[in-house]
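Letters A, B, C and D name the chains as they come in the text, with residue numbers starting at 1 for each one.
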Amino acid sequence: MYIVASLAIVMTMCLALTRALLGPTVYDRVLAVNMFGTKTVLLLAVVAFLNGRTDFLDLALAYALINFIGVLAVLVFFQSSRERAAGKPGEQR
Amino acid sequence: MIVVFSLFLLSLLVVTAIAIVRSENLFSAVMLSGIFSLLMALNFFILDAADVALTEAAVGAGVSTVLLLGALALTPTEERRRKRERKVAATLVTVTMIFLAISYASFDQPRIGDPDAPVHRHVAPWYLEQTPELIDIPNVVTAVLGSFRGYDTLGEVYVVLTAGIGVLFLLSAGRPGLLPHRREPRIESSLKSHLIPHVVGRVLIPFIVLFGLYVQFHGEYGPGGGFQAGAIIAAGIILFALLEGEGAALKVLPPRVLVGLAIGGALLYLLVGVACMLLGGNFLDYSVLAADPVTGQQIGIILIELGVGLAVTGTLLSIFHAFAAREQ
Amino acid sequence: MAIVLDALSWAMLVGGALFVLIGGIGALRMPDFFTRMHASSLTDSLGPMLVLGGLALQSGWSLETVKVLAILLFLLITGPTATYALGHAASVAGLKGGTREYRASDPREPRA
Amino acid sequence: MEILGLYNYWVFGALLMIGFFALIARQNLVKKLLGLSIFQSAVFLLYISLAKVEGGTAPIILDPTAAEIFSNPLPQVLILTAIVVGISTTALGLAIVVRIREAYDTIEDDEIRRLDRRS
């Protein structure tokens, strides 16, 4: 059963990767990366059970906590590049 | 069955790498390299390297994306389009030839996972055999990292520190002082105006730092150690900087403190080694730190892991702030 | 009792895997960004709930259960937040919904 | 099955060469750095693949009396430190790119060389 679950997750990762490759907008890529991160957490958890080394759940926990930062960093990047494009005063480039 | 996964994930790795090189927009290349890092961690995990996978997770998910985006904010994100050049074709041919040569050479290599391969016949069995006896901690990786090959790790910590100092030098040129100083308040790019991410992020920060501390001090018993913990804690504080604006993060942890952490951590490692010499042992031979050699080894490993954690946190955060300060 | 729990956890695992897969297909096949986000975000909450719930039932009552539930908790907090933030950013940037293909007038990649 | 045991080497070779290609054929300096980090990851993958022992598990000995097979800890230690070193050296490279962009207003290698020749 673990095998079935992990196979489905790996298939989904494949689909998410395809979406990241196709784009077309930059938001699709960010969405795909976010999806990929969630699937990574799930796969790590399932494989930890599959191998019987459940002490390695720490890894999945690390990703569950940290993946969020990447998306937020992207948002800050968008925001600052929009501000810069709007030519806010005091922004010398 | 796990073999099939492994093959599949390895193939995805190659696809992603090709996509990174082909994409003309640097932003999407950075996004794809985030996926590359996730895949890399999964592959490490399936190849039984839990510690390495945790390191890749800690570094790749938080710090690496943030640094690349910080640099992209200072450079054009679009790669200039150009006609297909002759040089590209020639390179492609050369690269393919070398790839074929490597593949051909691989037929003489031991199969992956072969227990009789030369790698497994050298010092590794000795490490696995002696760790419970000499150091008595479950995680052999931490034992080798901290004690058996402590010299290597010392060198690596100083390489990280040197790279951090280099970044500070390069990015602080043209302004007074080496450290990025407190600046005039300005319109900062923070997520303060976004209520939901702001609240959720603030809830998350203590858990990330707590988890970092757990990884730091649980490194003897499970996957973890100073390098992973340093990267995770740095990621937590970077999250704070993203939410509250970079100035607020600098107020909590000023540049001086960060540089102090980096240098202090590296010095702590060195001083543990010197203390061993003063107590009559060899450099970085922790057995002399306590009456019982095994306890001495454990104390030594905990101390140097602490030094590594401090140095990595300080260096990564200094690098992050150096990029952010350049943005204005 | 044990067999019931076992069967329940297997059912949850397989069901969760199914939802995850459906979300993946949706994210690939849907026609525009917001519908794709719809497909992936809903299943990103339901899938982990079922998969990790199944794993928690498997592990009995131990430290592993706590860890699995912690992972689930963090995923449930961060996933929707990330989706909200992304959707907000996309709509502020002027990306329009509606079932049509990408048009050249849509904001594409940000320029610095 | 025997031949599949070599697959990791091929992936290593492919990644190595993809990174190398980006390093040589791409003019954009950030792209070159990304290529460098792919190159680096290829080496990481090779080391970790070598550390794998069939039927083994990660080298964390919870019960010293049990006769378990463990994978090789040494390459893992080397790569663990190398990952953190890798990100800091990448940051150093990015810092140099940022300075180049400020001095030349471009990060394309050929344009930089043209500007150099002109001055």
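Here is the rule we go by: a residue touches a chain if its C-beta (ideal position, glycine included) is under 8 Å from a C-beta of that chain, and two chains touch if they have at least 3 such contacts.
It should be emphasised that the depicted structure is a prediction, and the values quoted were computed from it without experimental measurement.
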If you tally contacting C-beta pairs, which pair wins, A-C or B-D?
B-D
Where chain B and chain D are represented by their mean Cα positions, the distance between them in whole Å
12
Go ahead and note the Å separation of the Cα centroids belonging to chain A and chain D.
20
At least two partner chains per residue is the criterion; list those residues in chain A.
13-14, 26, 30, 32, 51, 53, 55-56, 58, 61, 65, 67-68, 72, 75, 77, 79, 81
Multi-partner residues of chain D (at least 2 other chains)
57-58, 60, 62
Identify all positions of chain B at which a residue touches two or more other chains, and write them in rising order.
25, 27-28, 50, 72-76, 191, 194, 197, 200-201, 204, 207, 222-223
According to the definition of touch, which chains form touching pairs?
A-B, A-C, A-D, B-C, B-D
What does chain D use to touch chain B in their complex?
2, 4-22, 24-28, 30-31, 34-35, 37-38, 41, 44-45, 48-62, 64, 69-85, 87-92, 94-99, 101-102, 106-108, 111
Partner chain B, residues of chain C touching it in the complex
74, 77-78, 81, 84-85, 88, 109-112
Spell out the part of chain C that touches chain A in their complex, as residue ranges.
10, 13-14, 16-18, 20-21, 23-25, 27-28, 33, 36-37, 40, 44, 47-48, 51-52, 54-55, 58-59, 64, 67-68, 70-71, 74-75, 78-79, 81-83, 85-86, 89-90, 93, 95, 102, 106-112
Listed in rising order, the residues of chain B that touch chain C in the complex are 25, 27-28, 72-78, 191, 194, 196-197, 200-201, 203-204, 207
Note which residues of chain B are touching chain A in the complex, please.
1-2, 5, 8-9, 12, 15-16, 19, 25, 27-28, 31-32, 34-35, 38, 41-42, 45-46, 50, 53-54, 57-58, 61-62, 65-66, 69, 72-73, 186-187, 189-191, 194, 197, 200-201, 204, 207-208, 211, 215, 222-224, 228, 232, 235, 238-239, 242-243, 327-328
